[in-house]
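Each chain carries a letter (A, B and C) given by its place in the written order, and its residues are counted from 1.
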Amino acid sequence: MGKAVQNDTLAPPILQVDGLNIEYQGGPHAAVAARDVSFTIRRGEIFGLVGETGSGKSTILRSIIGLLHQKAKVVSGAIRVAGHEVTGLDQAGLSDLRREHVAMIFQDPLRALNPVMTIGAQLAEVMHAAGLRDRDAVQRLIVGALERVGVADAALRMRAYPHELSGGLRQRVAIAAAMIRSPELILADEPTTALDVTIQDQILTLLYDLCRDTGMSVLLVTHDLGVVAEICDRVGVLYAGRLVETGDVARVLTAPSHPYTAALLASMPRIGERQSRLRVIPGRPPELSVPGCPFAPRCAYALAECGTIRPVLEPAGADQASACWRRDQLRTCLAEEVSVG
Amino acid sequence: MSAASIERPVAPSAWIARLPVPLVAGTVMILLAVIVATFGPMLAPDPLELNLGATLQAPGAGHWLGTDNFGRDVLARIIAATSVDLQFGFFSVLPTFVMGTALGVLAGTNRWMDAVLMRVLDLVVAFPFYVLIIAIVATLGPGVFNMYIAVMLVGWASYARLVRSEVLVVAKHQYIEAARALGFSSSRVLWRHVLPNVIVQPVLLATTNFIAWILVGSALGFLGLGVQPPAPEWGVMIGEGRVYLYQAPWMAIFPGFAIFYVSFAAILVGDGLSEVLRPDVS
Amino acid sequence: MGSGPILQLSGVSKSFRVGPRTIGRPRAQLRALDHIDLRVEAGKTLGIVGESGCGKSTLARIIVGLTRPDAGTVAYEGADLSRARRRPLAAALGLQMVFQDPYSALNPRMRIGDAILEPLLVHQIVPRAEAPGERDRLLDVVGLSPSLASRYPHELSGGQRQRVNIARALSVRPRLIVADEAASSLDVSVQGQILNLFSDLRDQLGLTLIFVSHDLNVVDHLCDRVAVMYLGRIIEEGRPSILREGALHHYTHGLASAIPQPIPGRRRAQPAISGELPSPTNPPSGCHFRTRCPARQPLCAEASPPLNPAAPDHRVACHFPRVSTPEAVGRNHAADDLTVSPSS
């Protein structure tokens, strides 16, 4: 896993996010949802964006496709999809972007599917919009698209309405719809969170296979480091709107370079590693901007300067970066914390 | 531990200061109207006194709001009508609110009651509202008492339907199950857990209905089925003034203002109440 | 350590009528629970796992008396509760439940202190004058500051609310608590706090726990025994090691492999279990799992396998169970004993 894109120079980037800051305005005080977020996704890569509720995952993902809530504003930063700048695009530009390069999958496919149209009609609509007119060809393509995402009896299922399908099938249909235009990048916001584990397993396998077959990239937003381990090549760990660690999944999960990543991993119960008590992270994420490292108040390794000077994401070994002053000193410490559990 | 039992220290007057402004303003406005209704008639001229020598006089020093086509003082008639209209508003809203809410809760919690009540409700809402009221009053005979009877027979329906659907929503919440699992009696569950969570909507409906009922009273008065002339009533006055809208606009405009004033006050009260009753939306 | 079952379910079944009411054709019958037999020892923790719709919540609700079974008995400390129109108060209070959704389980119009005070006063758990002190003590037990008592639920975080729910359930001094997905909607770090709270309560108060969850990691961490459900039936029951190498049922094995683990390099070419969950109103004949089972045989469609003992302390409902190596089982049993029960 991840071997195809191990070398930084191999694949060109499909998504570049640079110094992104997003605020929710209109409240008593502006809520900052993304602070100085920078990361790159290369072609063919599955990138996991992981963090707890409210850490800003959905906000960042939505900003890429111009679907931010009207109160949310990109204060600064650049987002480039396949080399095209996204911030500041008008509606026409955004539709072009969605048509040409990017598709999106949601946690609840019911929200993305029209309840009063059959599955087939909705897929046909997407094809019409993509310029296909021949009815028979469209039918054949739809059956093909549904079969590709593992929908059995595709010819029959296209006549079903979304509510008649199980959650897993709906998510498959949503993926089929997203795939129709052969996007270069799929944005998936917790696509399996509402599903059962066996179905989640199937959908993740499907996404992984589609990616490997077509060479598209996926930005997968999730709160579950397990999901990241299953299919992602690289991962970015968000904490209070900031990326605190990025890097190759195998490295980040086995040798984390930020205490938050390590603490998160250590607090997950795992089959076969029974302890009488789970490790927990005391306290809560800060709600307002703090001068130093946002994790410092909860960090077991924090020094005095962690509370005053903010670390930025800097390389910590091969294909790994960490926003921690002590990343080099803590290496062995953190690896131990994760392995002992 | 228990030493730190902090029971929010509240000064006696503080809770008034914390009430929402619209609620206070609306209540004050309604109280003013009640004072006018109670004491106004003692100070104002006789609202029934005809003066055919001074008909349709414009507002001025003698008659502040002018006179009508019989020379009666418009201000005196508005003041006299205040108590009629406020009473009609209050006494239509209160019993229909209580009855409708109680029936709605019963329907939402008991399947048999639900089946019966829903059929009755279908019957009531099958007819246009005004047609039903007018038909009932016409059958029973005109007059204020029969008007109240018609209101009772029809008015509960909107509350019952609203509350029933709210109860069905609230009953799905796990705190209702938790209360049952804790061995609370069904009446406790109903009073302490269901009712407080369904009451906001009917209360808001009641504040808007307050106006609606005053308008119904006026309409009935206008049709000669409610308040009987020559007794003053805002709706009746507007009806009478309609004919003279060009010569004597004050005949209709000022009673219209009175209705607007009360409506506005009721809306403010409703706004404020919704804030007080919903600690979770703020 | 307790002795003898505190709770014993025998042949518990429950059906629901679902779908539109039509004239002439009866509504579809949904068997939410199909002959459930289960024993829970006092002081132990039982985990119930399975995918959504397999009947976990229905079972939980039957245990605490929120739903009545169609058939079978629910014996709490030897007394059958299933037929009673209203449960005896002692039994009703002895069995409490903590609900899944911390946002929906608290009355939004009630300060959380009052939510805990209410059962204390209604059931006169303590003299009236001591009730506020008891409320503060309960808040303290679940790790909340008593100064939060005057807050409304919306003024608390999800984790804090779940603590209030636990305190409220504890207020009537139950002997058994059923937690239905009580930590599932919380973030990992908060989930850990709640799970720790449950294990502390179990150890300090000697509570019996039934922990319902779809998360096998959590169940393996917390439980002494595990029951796996599929479409209304228990298909395997035993020590937590059945969630690892010890699984005899193909479903248990597949379910356990489908759980994502934060361990890189586990990617399989194929999903652990293929296919969709069959319709619960029209489950497959014989073994319900056969449509998705890698080891199905013609027999599986004809006879439904009974839940039979396969080893001491281990029951499985499968005609052709997996073979699990004895040494793997032995190793896992050792791991079970090592950690969860601090053998007091």
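Assume contacts are C-beta pairs under 8 Å (C-beta built on N, C-alpha and C of every residue); 3 or more make two chains touch, one makes a residue touch a chain.
Fair warning: this is a prediction, and the values are worked out from it, not measured in the lab.
Peer 1: Linking chains that touch, what shape results: line, ring, star, complete or other?
Peer 2: line
Peer 1: Could you find the two chains linked by the most C-beta contact pairs?
Peer 2: Top of the contact-pair ranking: A-C.
Peer 1: Take the average of all CA coordinates in chain B, do the same for chain C, and state the distance between these two points in whole angstrom.
Peer 2: Their C-alpha centroids are separated by 51 Å.
Peer 1: Could you grab the centroid distance between chain A and chain C? Build each centroid from C-alpha atoms only and quote it in angstrom.
Peer 2: For chain A versus chain C, the centre distance works out to 32 Å.
Peer 1: Once bound in the complex, which stretches of chain C touch chain B?
Peer 2: Chain C residues touching chain B: 61, 64-66, 87, 89, 92-93, 96-97, 99-101, 104-110, 118-119, 122-123, 132-133, 136-137, 140, 145-147, 149-150, 152-154, 165, 168-169, 171-172.
Peer 1: Enumerate the contact residues on chain C facing chain A in the complex.
Peer 2: The touching residues are 51-52, 157, 187-189, 191-193, 195-196, 199, 214, 216-218, 220-222, 240, 243-244, 254-256, 258-268, 270-274, 276-277, 332, 335-336, 338-340, 342.
Peer 1: Within their complex, state which residues of chain B touch chain C.
Peer 2: Residues of chain B touching chain C: 1-2, 4-8, 173-175, 177-184, 188, 192-193, 196-197, 279-280.
Peer 1: Within their complex, state which residues of chain A touch chain C.
Peer 2: Of all residues in chain A, those touching chain C are 1, 52-53, 166, 168-169, 196-202, 204-205, 208, 223-231, 249-250, 253-254, 263-265, 267-272, 274-281, 284.
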